[in-house]
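Here the chain labels run A, B, C and D in written order, and each chain numbers its own residues starting at 1.
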Amino acid sequence: MANARLRGFVQREQGQQSAPAALEVVAALCRQPPWAANQPWRNIVPHQKHLSCIEACHACAVACNHCAASCLQEPDVKMMARCIALDMDCAAICQLAAAAMARGSEHAKAICSLCADICQSCGDECAKHGMEHCQQCAKACHQCGQECRKMAAMA
Amino acid sequence: MANARLRGFVQREQGQQSAPAALEVVAALCRQPPWAANQPWRNIVPHQKHLSCIEACHACAVACNHCAASCLQEPDVKMMARCIALDMDCAAICQLAAAAMARGSEHAKAICSLCADICQSCGDECAKHGMEHCQQCAKACHQCGQECRKMAAMA
Amino acid sequence: MANARLRGFVQREQGQQSAPAALEVVAALCRQPPWAANQPWRNIVPHQKHLSCIEACHACAVACNHCAASCLQEPDVKMMARCIALDMDCAAICQLAAAAMARGSEHAKAICSLCADICQSCGDECAKHGMEHCQQCAKACHQCGQECRKMAAMA
Amino acid sequence: MANARLRGFVQREQGQQSAPAALEVVAALCRQPPWAANQPWRNIVPHQKHLSCIEACHACAVACNHCAASCLQEPDVKMMARCIALDMDCAAICQLAAAAMARGSEHAKAICSLCADICQSCGDECAKHGMEHCQQCAKACHQCGQECRKMAAMA
């Protein structure tokens, strides 16, 4: 069956390319968000245009919550105080934005606009710190900010 | 390059199998949560053991929010009243659980235990209705409930 | 003791004026938010300038959540669909705004600005319906919108 | 008018007793929660039995959010790390509990039960620290825990 052929192909490929890269290619070709694989119920949703942004907001919320908790474990927590505060703001607005988009709220665009600003602010602060969790959080925030700006600008 | 070979393979396969199925196989083989493809920053997180449950909670929150909004558009909304109410409860606890796990909260297990109960309750109500959004929501809730029970039972 | 004298006074007055009105007068004269009586720990908080708005946001969230649930019990739920949807948006942003102000967030003003818009929108929809819960919710939303606009405009 | 008489009375009393105490007495006599004065729309709500607990949860969420932010300003933030983490957990569950009760959720009791545990945990940690914001937060948490246990035990 086709699945077995793909299975064989990927097993041979696994040495030559990273697993994430393999997924990325398949995802791009199949034009489905990567997470759709394990969650087929997402395929039949009228909020398709929001899915990419919803996913970015969720990923950002996870990154910010994780970053805040990690900052609290740092030797010099005082230096991370503003980062933690912005992480908390950002996680909160990202969760609210994701929920509003999932509900198809009339206010989704305005909420995404605010979310983009807070993501920018949080991402910029995180970027100042060298720790892995801060660098990753900065990426997540800046990416989410981009997605939210696109959403806020949509017709 | 390896990517080009995979690209070619998948293009040939695209007729024979559904895109989601292709992703599913690759995901299973690569043993990465599907969303990891487009979000590499998730690879270096100390909350690995929670990632699967966090993802399930987020997916469930999206499904419940979407289901609630869809129910409000049904011809007979009155019949969907309990479903909408449980959707709202479930979306809220799932978001809280995801955030608590992402923060590595001391209370994550207790929260997941409550989340599992509410997911069960919401999923059972959704399953009674034949609409696509309710059937999909029921799947998301029951799957999330499973993940949360596993999390609550972990050492 | 002074308390006994006040006690006597109010007991005599109870026939002539409503209890809420009595509280209102005392509150205004004592220049304390009414809720301060049973919650003395609120007296020593550096976020005094926010307290009035925080309280309005919490009251509005309660009103909106209660209104949504009441609407779901109405005979003609379909007619209340937009009201329920806006109630959910409003409850969410009001809770977020209250939390942001309580944390002294850098983004509190921007959040209050958005909150004011959503409160206006929800209040206007609620005002169209004659049910008690909708009329009360409209009052809560419009009052909260006012408080949030004041907060957003503060130096 | 009665209001003028009460006004005169309280003005004379203001020297002899604290304003909060005056409010407390009037509140007790009038058998209205103090906040009812400025928010008459709360008088006509079918969730009367929840109001006291909803108010406690909101007050607790404010205290915890405020405590977390204050801890981040302490000279030795590292020492406050667990307090901040629990503050974040507690604020989140208290807001969720308040919303669930306001919606008359089927799961309100189970949610209050979990909330009580987290309030106990947060309050106990806060009580270990001598700062004003921690002591006040401990009071709010322990009081909220009590209210939530009562709610969880109700018929």
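Please note the rule applied: a residue touches a chain if its C-beta (ideal position, glycine included) is under 8 Å from a C-beta of that chain, and two chains touch if they have at least 3 such contacts.
Only a predicted model underlies this, so the values are computations on that prediction, with no experimental measurement involved.
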For this session: With residue numbering as the guide, point to the option in A-C, A-B or B-C that repeats A-D in over half of the contact pairs.
Result: B-C
Seminar exercise, completed: The larger set of C-beta contacts, choosing between B-C and C-D, lies at C-D
For this session: Could you please state the distance in Å, as a whole number, between where the Cα atoms of subunit C are centred and where those of subunit D are centred?
Result: 15
Seminar exercise, completed: For the pair subunit B and subunit C, the C-alpha centroid-to-centroid distance in angstrom is 35
Problem set entry | Multi-partner residues of subunit A (at least 2 other chains) | 68-69, 85, 88, 99, 103
Seminar exercise, completed: Per the touch rule, the subunit A residues reaching subunit C in their complex are 85-86, 88-89, 92-93, 96, 99-100, 103, 105-107, 110-111, 114, 117-118, 121
Problem set entry | Contact footprint of subunit D on subunit A as seen in their complex | 68-69, 72-73, 75-78, 81, 84-85, 88
Exercise. In their complex, what parts of subunit B are in touch with subunit A?
Worked result: 1-3, 5-7, 9-11, 13-14, 16-17, 19-27, 29-47, 54-55, 58-59, 61-63, 65-66, 68-70, 91, 95, 98-99, 102-104, 132-133, 135-137, 139-140
